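The letters A, B and C name the chains in turn, as written, and every chain counts its residues from 1.
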Amino acid sequence: MRVVVAPLDEFPPDSRRIVRVGGREIGVFRVDDRFYAVRNRCPHQGGPLCIGRIFSRIVSEQPGEFELDAGPPLLVCPWHGWQYDVATGQSYSRGDPRVKSYGVSVASGSELVAGPHVVETYPVTVTEQYVVLDA
Amino acid sequence: MIDCDVHCAPASLETLAPYLSDYWREYTATAGIRLVGMANAYPPGAPTSGEAVPSDYDTLCKRVLETDSPRHVVLNCLTICEAHRNPYYQAALASALNDWMRDEFLARDSRLRASMVVSTVDPDDAVAEVERLGDDPRFVQILLPIRTDAPYGNRRYHRLFAAAEEHNLALGLHAWGRAGHAPTTSGYTLSYLEDYVSNQTIAQTHVVSLVSEGVFDRMPDLRVALMECGFAWLPALLWRFDKDWKGVWREVPWVKERPSVYVRRHVRATTAPTHLPTDQPAHVRELIDMVGAELLMHASDYPHNHGASAGALYELLTETAREDVRDANAAAFYGLDPAPGGEVR
Amino acid sequence: MSVVQTTPETPTEVPRSVSLVDCDIHPTLTHPELLKRIAGRWRRHLERFGRRTPMITEFYPRTANAGFRLDSWPEAPGGFPGSDLGLLRTQLLDEFGIDYGILNCLGLLSCHEVPALAAEITRVLNDWMLEWMDEEPRLVGALVVPYEYPDLAVREIERRASDPRWVQVILPDSAEDPLGSRKYWPIYEAAVAHGLPVAVHTAGYWPHLDTGWPSYYLEEHVANSMRMQSQLTNFICEGTFDALPGLRLVVTEAGVSWSAPLAWSLDSAWELLRDDSPPIDRRPSEIVREHVWFTTQPIEEPDDPSEFAQVVQHAGLDDRLLFATDYPHWDFDSPTQALPRSLSDQQRHKILAGNACALYGLPLSARA
């Protein structure tokens, strides 16, 4: 189901929101101009993953190299620090369970009004743009 | 069968005289230095010390080569551990020991290999020795006693390890080392029993250090043999290390895979001491499965005696695993010819 | 409008089974709070000179959210993870339905201070924990003592032990002497005399280093398990348990899976070397089974969970494992998630509550 999370201009870069959809909590993140969404539950021990920090990936071929990478960042669980690619939900430590990830897009009010049905958390205006979660 | 840990040592400084300069002969005489046979680590009267360490080829023949018929033996001479902190003496003693081993053992029997002795106080001197002897294929690794000033992953050792890798030498981490500051994180050990079992926790510190400091990322062809350090502690350590790494990897971002992957790829352990019970075969089998027999390399650790549990280990291995532990694992690790009828790994 | 007076209802006390005991919770008394409570002469001392020993965090910064669950910081300014009883209640005790929680305060990790100051710090910490226990009946406490000064430590134990809410005495895992040393025996004697187990908890100042300083917090954290292996080895090899047959030791926050390999190696060595250590007249593994308990956190997580069940069996730990969360540290174990499915229901119940109730004399039924 598609869920309108917020008007685009109320969702600034480097911010996040946690959305309740049915029985699930999903964290929606904006990093620069890209949006990501993952389940707010760390597959490790159930911690509130989406209140964790967002960090850049680090490229390090040799000891002492610490280059921050511009690719999809990592969401770090606020408990044990396990790290997940915010785009795919894959654990940094391959082989560990991934966290469920979801699509996020920006849609205009007119598209949303046209359908298919979306869950509206507040009124949609055709002239505005909105962040839409595909949950 | 390949025996990965057999001890040798010069009987006295007189044996080394031909290999030491006039200055060092005078130095050792004036200072009253005697080689006391690592009495702190292997007290002569202790049941675990066994008989005298072979100091000549004929004795080695009688006691090891003729009794056990190994295809190859890796000799370890720990005499360097008795050396003091004078870096020049260390370097001179290391060279003397290596030259003595070559003449006394390596030149006389093509089955024999050895750990190259290097300075334990100065990595640059150690590098110089590796450069001097590294092309001699009879040295298969460098001897690194585990009781030392810094964990072996520390950057000060990286140039030594690079030299070792370049010359196709493994790192031979061996129990004991320099006596001096408290051997454990608890403090001084008042009994030999406590000191003896402490080698295994110290070895763990080094394993964690080697991985954490990116030694295997920097030198991907490096191999590490843990000698006389036990191995039953490996599963618990690796479970913990993997889990901790998952939370803290950003501190050491060059460690790109789980630590256990590095350890299984680069590290092996000799079978003496085994330190496993002889009356719990089911439990021991489970423990061996957790360790993985592919990590183990047979060693008699002659002349040391660690009790009956080594026998129990072999009884519980499958036939294939036994062959691997007794020969193939070490042949692959040290690049030795495979046993007749054995596969090239 | 008339005001209707009502009397508050007395809650009906319904006994129910205790199902969850948390054997390692870390309350924090912040430094400003400590200064408010400490005697004037020592407040002036601390304000002028501070503590003599750096915290271990200055050697190895905790590169994981500064060492704490990110969600455990209280909102009120000046708060610190573990400093707010309200948050501890909601986030831990209520959230997981904990019946009893043991306060293990790490406020005196290093005892390298003037003896009277060390003793005063422990008085302040213990007094403060009593306030929490007064307010929250689910909490019980571990006595902090100035352990490098055994006479003063004994005095603190004697002063406090009659309060049944003190369930153990706590020491860190590194000290001037190995913890099994005769030096510390008077402390253990006093604990035994009052029926208190002794918990040895990960952390300390590291006056001894085995083979030198590691570089990274990752290494230090893994070494929590090796350090405890050394201490347990020491307790056995110094004959501490033979000298103090009533001593019950709780190995805290060091993991569990190394127990059997360590005990096996000690057995193997003891067979050959027992003449060296006359006080050890039975197998070390038997000594461990009789005298030692282990808290579970940070629980090891092998890829194959059945291997964890195996090592529990190897060491015979069914009756010796004590569940712990280590709240609010980052490597916290969740009571609902941390124990592997490979353990049986009976094992789970023992680990989650039964073993702790037996060890600490906690009633198996609690008020609703």
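Note that a contact is a pair of C-beta atoms (placed from the backbone, for glycine too) under 8 Å apart; a residue touches a chain by one contact, two chains touch by 3 or more.
All values derive from a computational prediction rather than experimental measurement.
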**OP:** If you tally contacting C-beta pairs, which comes out ahead, A-B or B-C? Let me know.
**Re:** B-C
Subject >> Chain occupying the most central position, where position means C-alpha average >> reply: C
Subject >> Averaged-CA centre spacing for the pair chain C and chain A, given as whole angstrom >> reply: 38
**OP:** With chain centres taken as the means of their Cα atoms, state the distance from chain B to chain C in Å.
**Re:** 37
**OP:** Using mean C-alpha positions as chain centres, tell me how far chain A is from chain B in Å, no decimals.
**Re:** 50
Original post:
Using the touch rule from the top of the page, what residues of chain A touch 2 or more other chains?
Top reply: 80-81, 95
Original post:
At which residue positions does chain C touch at least two other chains?
Top reply: 64, 330-331
Original post:
Going by the touch rule set out above, which residues of chain B reach two or more other chains?
Top reply: 155, 213, 242, 245, 247-250, 252
**OP:** Under the touch definition given earlier, write down the residues of chain A that touch chain B in their complex.
**Re:** 55, 58-66, 80-83, 92-93, 95-96
**OP:** Over in the complex, which chain B residues touch chain C? Could you list them?
**Re:** 46-48, 146-151, 153-155, 177, 181-194, 196-198, 200-202, 204-206, 208-209, 212-213, 230, 232-233, 235-237, 239-245, 247-252, 273-277, 280, 283, 286-287, 290, 305-307, 309
**OP:** Report the residues of chain C in contact with chain A in the complex, numbered from low to high.
**Re:** 64-65, 69-71, 303, 330-334, 336-338
Original post:
Hey, which residues of chain C end up touching chain B in the complex?
Top reply: 63-64, 174-179, 181, 206-219, 221-223, 225-227, 229-231, 233-234, 237-238, 255, 257-258, 260-262, 264-274, 276-277, 280, 298, 300-302, 307, 310-311, 313-314, 330-331
Original post:
Tell me, which parts of chain A touch chain C in their complex?
Top reply: 44-48, 51-53, 78-81, 95
